[in-house]
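Below are two complexes that have subunit A in common, paired first with subunit B and then with subunit C.
Then we have the complex of A and B:
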């Protein structure tokens, strides 16, 4: 029963469906009924100014913060209020804001931490490790170095690779480009496009709206705890209101 | 020549200290819990060895194999059932909790074992090893080597195994660890279990050297505390360095100022380290 239901879901519904999500810290509400959907195989981006609630939404999605009401459904599975462990096992991995690498652990051990939940054997995990070194060759050179000694760009590569090591179906990245040099951002975006072509679904949260709209297929604009606009990136790029508010051109 | 003898004594003592402190340091560093029970766990491990030896004729070094899993299980259960409930509370509250539990354990041991001092005596004795002018009792040397081996095993477990990596990850960033799918509560319990295991395993080692009494734990706890601050919190190499340093300082201190001042000296050392290098000798790195 469950299997066939999920099959129907897989055909008819988006991969991730967030409906009327309310969340906050203590008595302070931050999210006021967020609506969001991510389709299989796309790159979606979530943009918005500081304090719009992007990080709070991501903390709720990853299970670090329990929502007050609303629903989060991933591939037919209701994940509202689930523990981070269950959400990761369901197939959503998150690259947190500020990377949050285990700084006094080697790069290799950081990547292995990404594979913590996997039970498919050292050989498969080893193969994925090689894949990560292929994707970001600098990580191979640095594999025995403490993650804290890496440059900002290398750390972000390590964080993305660590997220990928859980073999997720949806990779969520909080603040991909924050504090990084443009050349590094380009390299990261190229890697994400490549992963996407190989079938990975990606949700990127970005403060740099221009970068986000260039990378993603679909965009969601957040403002004071709600998603206020959404649509294909191309359409938003040409929208005068967006251009004025976020891209600095009129 | 006396210098070498004192140095050897200090090293033997230091190896045992490293073993005592590593579990205490692990719990403090990962859970931010100052486990007052640690000293009494050591004493309880000592009693286990004493009775296994007296009643069943089990060699104290072998009873480590019994003590380690028992204390691991007890520590795991205690953390899971009780301490996890207030793990987010300020450190003084968890300290009060373990202090209360320690009072119960101490009084329980007074009831069960009476306040008499007991001494585990190996028969036949293992004799002494003479290296030129330096004389080391073999039982002490073996206890120290075993203590160092246990500490080394803990280090390997933390740095090489999947579960050990998760413990280190929780120590560095519990939220990021949760995002990796680590069940932080379970790792808390594993960590406390490991701490109890190290205490329970050092009990039999110390029982071959020192007399056992229900309230002897306080002294061990004080040592563990000093060593942690000395070597740097939450790191096995730190406990190793801190333990050996304390062992040597106490031995020479006893020679120069009289054995009655050894403890005073160790706390004096603690104050100096806190003033000069508050992060401890090995800084603040983790178990990498």
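Then we have the complex of A and C:
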């Protein structure tokens, strides 16, 4: 009885389930009971204005910030308050806001750093490195260059590829399009769609709501520390309130 | 890599041959140079590789000196006392590291700066064990002549320097060295990629303490007499940093080059203009920060 129940649980549960999550800095609460779920194989997006708590939520998800209460369950594993190392090992990789590359290290070394925790041998890691160069050919040309010398778009590609090098099951990207040229954003979105078709689950945090709603299947709208709205992107695109608040059309 | 090993061996051969046919003045200078080299190479672990501006060198140096001296007071042989000093410094660095390495930047620098002061006060007041402000005499090793003694301590300090150099060499090629460079460039990104940043930083701090501790104990035996203001002198911390910055932070040979250059400058100024000695150090720091932020080795030809 119990066994079959757990089986149903595993199939029916979303890949990432965040429930009633509270977190903040010191005495200042930022997240007031966030509810979020990401299903296997989908691209989910998290949108919201400045100060809504998006980055705080991601810092909590990656273990850089300890939550005050609530739960984070990933593939049946409770990750609330876990160390960044364990979260990464569980299969969640993050591409941080502002890229955060190791600017004085070569592109190749940056990518290899992404595989820091992996123990599956140089050969598999080398194959994955080739896959990254296939996904973003410009990185192959720049592989021996210091990451700090790349353009903004190339740096974002490098950061996404570095995140992928840990062979995650869920890739979380903070501010995918921030400060990038529209053509580069398109290129990144194409790459993410391709990865998604190959089975990767993705959670994107975006300020550019139009881009996010176009890329993702499901959206979560955050406002003042809570998820105020969620649903299929298509539905949200036609929601008058969203159109007025975030898309600038009435 | 192969060329690096050859350069290292050639350097070692020169250093081994140096005491032959020089008078005791140069021998003393050579021993001091090696000691400075140990200080600089050690600081390179935490300051150069991990990017944490530690001022704790003086604390490790004094702690090592007193650990070695007290151990010999209780009848342990000199070599065992030196090793013990290394162990004590390493353990102290580990405990201190877990506490202090939560701080970053200026906060870490200031916190590490007061450690030597605290230790000095403790040693000052623990008169039964350390002799307090009266200082502590160490047994003089029995040897044929004063020159033999000087040579012995030169080679002892050379031994410590070789240990420290080997540790730098090994670390730079290891996972630890790679991780430390990542921490220096972007600690939160390193954390996010699964680098155990706390453990790595503590390891770097231990490496920055252990050889300085041994060097402190060797120094204590060498000069036969230590007192708190001498071995807990904040200048040991400052000099270590200046030497590394002079040579090139985070590099293999930078600290050594910096140690040789710094000692030469210090000796020249000290000998000729003793009253402006400290002012000279200040001037050097200002010039370094303004004109040579990456050190002398940045001018090496063919550097990527």
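Worth pointing out:
Rule of thumb we're sticking to: the second predicted complex is superposed on the first by the 241 of 250 C-alpha atoms of A that agree within 3 Å, B and C clash if a C-alpha of one lies under 4 Å from a C-alpha of the other, contacts with A are read in each partner's own complex, and residues count from 1 in each chain.
Note that in this section a contact is a pair of C-beta atoms (placed from the backbone, for glycine too) under 8 Å apart; a residue touches a chain by one contact, two chains touch by 3 or more.
What you see is a predicted model; the values in this text were computed from it and never measured.
Model built by superposing both complexes on subunit A: subunit B and subunit C clash. More residues of subunit A are in touch with B than with the other of subunit B and subunit C. In the superposition on chain A, contact of A:166 is made with both subunit B and subunit C.
With both structures placed on the common chain, the touch criterion links A:108 to neither subunit B nor subunit C. Once the two complexes are laid over each other on the shared chain, residue contacts for A:229 go to neither subunit B nor subunit C. For the contact definition in use here, the residues of subunit A common to its subunit B contact set and its subunit C contact set are 62, 64, 84-85, 88-89, 94, 96, 100-105, 109, 113-114, 116-117, 162, 166.
The residues of subunit B lying in touch with subunit A in their complex are 162, 165-166, 168-169, 172-173, 175-183, 285-286, 288.
Interface residues of subunit A facing subunit B in the complex, by the touch rule stated above, are 62-64, 83-85, 88-89, 93-94, 96, 100-106, 109, 112-114, 116-117, 146, 162, 166. Subunit A contributes residues 62, 64, 84-85, 88-89, 94, 96, 100-105, 109, 113-114, 116-117, 162, 166 to its touches with subunit C in the complex. Contact residues of subunit C toward subunit A in the complex are 178-179, 181-182, 185-186, 188-196.
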